[in-house]
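The data blocks that follow each hold one structure.
Next, two complexes with chain A in common: one pairs it with chain B, the other with chain C.
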Partner chain A sequence: MDNASKIAGMRKSFGKSLLYTLPMFLITFMFMTGGKPNFADPASGLAILTAFLLVNVLYFFMHYTGKTDRYRAVLFIIFALSLSYTLIHNMLEVRKSMSFSQADILECKIPFCHLVIPMMILPAIFTKSIIFPGSIIGGFANISSMIVLWLVATLVLGRGFCSWGCFYGGWDDGFSRIRKRPVIKKISELWKWMPFAVLIMVTLSAALAMMPTYCSWICPFKAVTEFEQVTSVESVAKAGIFLTLFGGLVVVLPVMTRKRTQCSFLCPLGAINSLSNKITPFTVKIDKKACNECFKCVGVCPLYALTPEDIKAGKVSLFCSKCGKCVDACSTKAIHYGIRGIPAGTMKNFSRNLFLFVSFLFMAVFSAGSIISTFQGLLKLIF
Partner chain B sequence: MTDSFVLGLSSGSACLATCGMVMFPYFMAGSAGVRRIAIDLFLFLLTRFVIYFILSTLAWYFGQALFSNPVVRNIIPGILYIVFAVMLVWYSISKNRNPNCPAKIVKTVNNKKLVPILLGLVNSLGFCPALFIILTKGATQETLVQSYFAFLAFFIGSSLWFLPLPLAGKIRKKEVLKNIGILATGLAGIIFMIKGLTNLIGGIING
Partner chain C sequence: MKKVKIIAGISWAFFCLILIIILFPGLNSFSVSVSKLPFMKLNPRYTGGEIANQIIVESCTLDIRKPVFNGFLKEKNSGFVQLDWHGTIPNTIKDSIDYDHDGNKDFCIFIDRKDSKTILYPINKKVISVLISTPTSYGWAVRVELIK
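On to the complex of A and B.
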């Protein structure tokens, strides 16, 4: 048991950790099997079993070791990879290509993702129309279920959605962990506000053009999901932008800075989620009495959410995604998960247990489908 | 129209970031009340509207004369878009951003009633990269009406930022708003850089 975990008693005994894992065990079992495990198809049964064990072992270790971020990151990264695999696999099966044609747009066959949500708000209010060519109910990746999931998660977790629910965040989170030390150490504070600038631009331009401009022109994750058929100079420019932004913000900069640069400097949904941090029940708190101002938390924060001034003032900025990296790094456990209304430095264990249960359960349930189908696909490839 | 609106929206924020501190005291001078401020703001915006109307007409006629060849119509504006867009991006990332606003000239005017009109005049004729871009756009439109619409969208986008000006004293975190505005300007620059590149490449391919 390391010193930091001893100090705050975050680490639990083997038996107690098992006990804490039991509710997760039962709920994920119900979700993954529907209460009736069917092993008639061995590949499917093995995939479900692997996914089930993966999420529960990770959750167990969160309690047993008292560490949060490293186990969260494992599932988060697997989620991102598996979602891309599932999307690509689905598109290759349905339309034999990762690119979509004008016909696919007209037939509303484009999978929906949560990044479109900010652009839908104004057109939905003023024209009562949905500006995304996807399926509203039913079909693959439909609009209504994604909006409900995002809304619930954001109201409960705030920007925690970006570290516990977003199926793209795992990409730059993964790349940010490749190097042990950052090559680029200092980036201007100004850039932290870029997602808000992007949010304003894409929300208004989408309302005027009545099309999801972020998806059409900016989204870096088009590089690993689906994109418009390259048929004109404009579509070449779009493909160039997608690949450049993916390469720059999701791969190169995260490796160089050890930060999640796409989430920090581009994502418009991250900006909305940041604002929701002001109302959510779960927060990250700083116990000023316990803090020795070593500022380790500032250095490890992947979203530039902490500054020495914030620490001295005893508050975490609205950019915090509650990933747990700072909580794990704090040697005095002055920084901890908390619940709104409960003073900093109190009920640390209770707050952490409650937050972990809610956030990890959301990620486990949300990711289960794509992880299982990815495992299935891999098993079919191997055997 | 969308890109003109976006350009106006972003450049309006940058303009406000640099000129707001000059313009704000004039609107608030004498604490004349909401009605007086609203009239001043209306005159200011009306002046800008008239200037843009004149500019859009001039730009379109110049465009008709200069860009009659369809290939030149894509290539020259493409290059102009890129140059002005680079200037716009440079403005947003430059640490030595010039804080001086041409509206400072108005400080020398004694007649308070003329101030909002002069502010509108100086503000709309500031000849910033964003205005150069919209002039290029106006010059390359098929019809004069399209040129008017481009300028109108630019005017609406840039005017939105001035509407809360009388309430500026009550806005907290002005620095944050300024930062977001400056970054939005850079984004608009990038949008027009891409537009310029696609115009240029399209023009070369079609030529």
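On to the complex of A and C.
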């Protein structure tokens, strides 16, 4: 047991940790097996079992070790990789390519992604219609179900969605962990307001052009999902932009800074999620009495959500994604998960237990489908 | 006051806990409800517009859709008309189209499906160019650019 966990008593005994894992165990069992485990197909049975054990072992260790971020990150990164694998695998099977054709657009067969949501808002209000070539209901990643998932996650987790639900965030989270020490130590704080500028720009441009401009021109994650067929000068330019942004903001800068630079400096949905932090019940709090102002938490925060001024003021900024990295790093446990209305420094264990259950359950169930199908694919490759 | 705040915070947190637990089992029915909201329909820029006229020749059907000029606050000056052929489509398509239903042909279109070659012969000055000409799962689709 390390010093930090001892001080705050976040770490639990083996038996108590098992007890806390039991509800997660039962609920994920129901979701992953539908209540009736079927081992008729050994590959799919084994894939379900592996995914089930993975999520429950990670959750158990969150309680047993008192650490949050490292176990969260494992599932978060696996989610990002497996979703890309599943999507690309399906596309290669169905279309024989990672690119979608004009016919796919005309027939409204493009899977919907939550990053489109900010661009839909104005046209939905003023034209009472959706500007995306996807399916309203039915089929893979349809618009209605993705809206429901994002809406509930944002209401409940706020920007926590960016560390517990977004299937893209795991990419720059993963790359930000590759080096032990950052090569670039200082980036101007002002850049963290950039997503709000991008949000305003893409919301207005999408309404004027009546198309999701961020998806068409900017989104770096097309590199790991799907993109427009490269058939014209315009599509070459688009491919150049998304590949450069992916290379720069998702791979190179996270490796050099140990920060999630795409999520910090570009994503417009991250900006909306930050605003929703104002209403969610779960927060990260600072107990000023316990804080010795070592500012370790400021250094480790991957989203530039903390400054020394924030710590002195006892407030975490609206950029916080509730990843738990600062909580794990704090040797006095002055910074901790909290619930709105409960004063900082009190009911820390209760708040953490409730937050972990809610956020981890969301991630475990949301990611289960793609993780299971990735394990299935890998098992088929091996045997 | 402090107690009220604590109780309100905890109640809100438990409400969210319940919301997350019922989210996935209830996802289908929540999604169906959301899909019925008045703004949950695709813009004609994506669907291609309503079918305005259908021409059936033997077992090949041509759908001529309503011209689409939909914009954000007002109609745009440029738009398109979408044509869809389905059924048993010949290898070469030659059709004359009256998209505005004024009794006069507005353009002729020639498609060689084997070579993926599409030639547009505009008659009406408002007909500009071929935006898209592509095979689809149901046959073939063309979007012709128009101005108002």
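Just so it is clear, the second predicted complex is superposed on the first by the 383 of 383 C-alpha atoms of A that agree within 3 Å, B and C clash if a C-alpha of one lies under 4 Å from a C-alpha of the other, contacts with A are read in each partner's own complex, and residues count from 1 in each chain.
Keep in mind that, in the parts below, a residue touches a chain if its C-beta (ideal position, glycine included) is under 8 Å from a C-beta of that chain, and two chains touch if they have at least 3 such contacts.
Predicted model, so just to flag it, every value in this text is computed and none were measured.
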{"item": "Fit or clash between chain C and chain B when superposed on chain A", "value": "fit"}
{"item": "Touched partner set for A:Ala237, first chain B, second chain C, both or neither", "value": "first"}
{"item": "Chain B versus chain C as contact partner of A:Ala197, first or second or both or neither", "value": "first"}
{"item": "Touching partner for A:Asn90 - first (chain B), second (chain C), both, neither", "value": "neither"}
{"item": "More chain A residues in contact [chain B versus chain C]", "value": "C"}
{"item": "Chain B versus chain C as contact partner of A:Gln229, first or second or both or neither", "value": "neither"}
{"item": "For chain A as apex, the angle formed with chain B and chain C - C-alpha centres, to the nearest 10 degrees", "value": "60"}
{"item": "Partner chain(s) touched by A:Thr33 [first = chain B, second = chain C, both, neither]", "value": "neither"}
{"item": "Partner chain in contact with A:Lys128 - chain B first, chain C second, else both or neither", "value": "second"}
{"item": "Which superposed partner A:Ser205 touches (first chain B, second chain C, both, neither)", "value": "first"}
{"item": "Touching partner for A:Thr50 - first (chain B), second (chain C), both, neither", "value": "neither"}
{"item": "Gap in Å between nearest CA atoms once chain C and chain B share a frame through chain A", "value": "10"}
{"item": "Common interface residues of chain A - those touching chain B in one complex and chain C in the other", "value": "208"}
{"item": "Residues of chain A defined as touching chain B within the complex", "value": "190-191, 193-194, 196-198, 200-201, 204-205, 208-209, 213, 217, 233-234, 237, 241"}
{"item": "Residue ranges of chain B in contact with chain A within the complex", "value": "1-3, 5-6, 9-10, 153, 176, 179-184, 186-188, 191, 194, 197-198, 201-202, 205"}
{"item": "Residue ranges of chain A in contact with chain C within the complex", "value": "27, 31, 101-103, 105-108, 122-134, 136-137, 142-145, 147-149, 152, 155-156, 207-208, 210-211, 280-282, 339-343, 354-355, 357-358, 361-362, 365-366"}
{"item": "Chain C residues touching chain A - in the complex, by the definition given at the top", "value": "2, 5-10, 12-17, 19-21, 23-24, 27-28, 30-32, 34-35, 38-48, 70-73, 76, 82, 132, 134-138, 141, 143"}
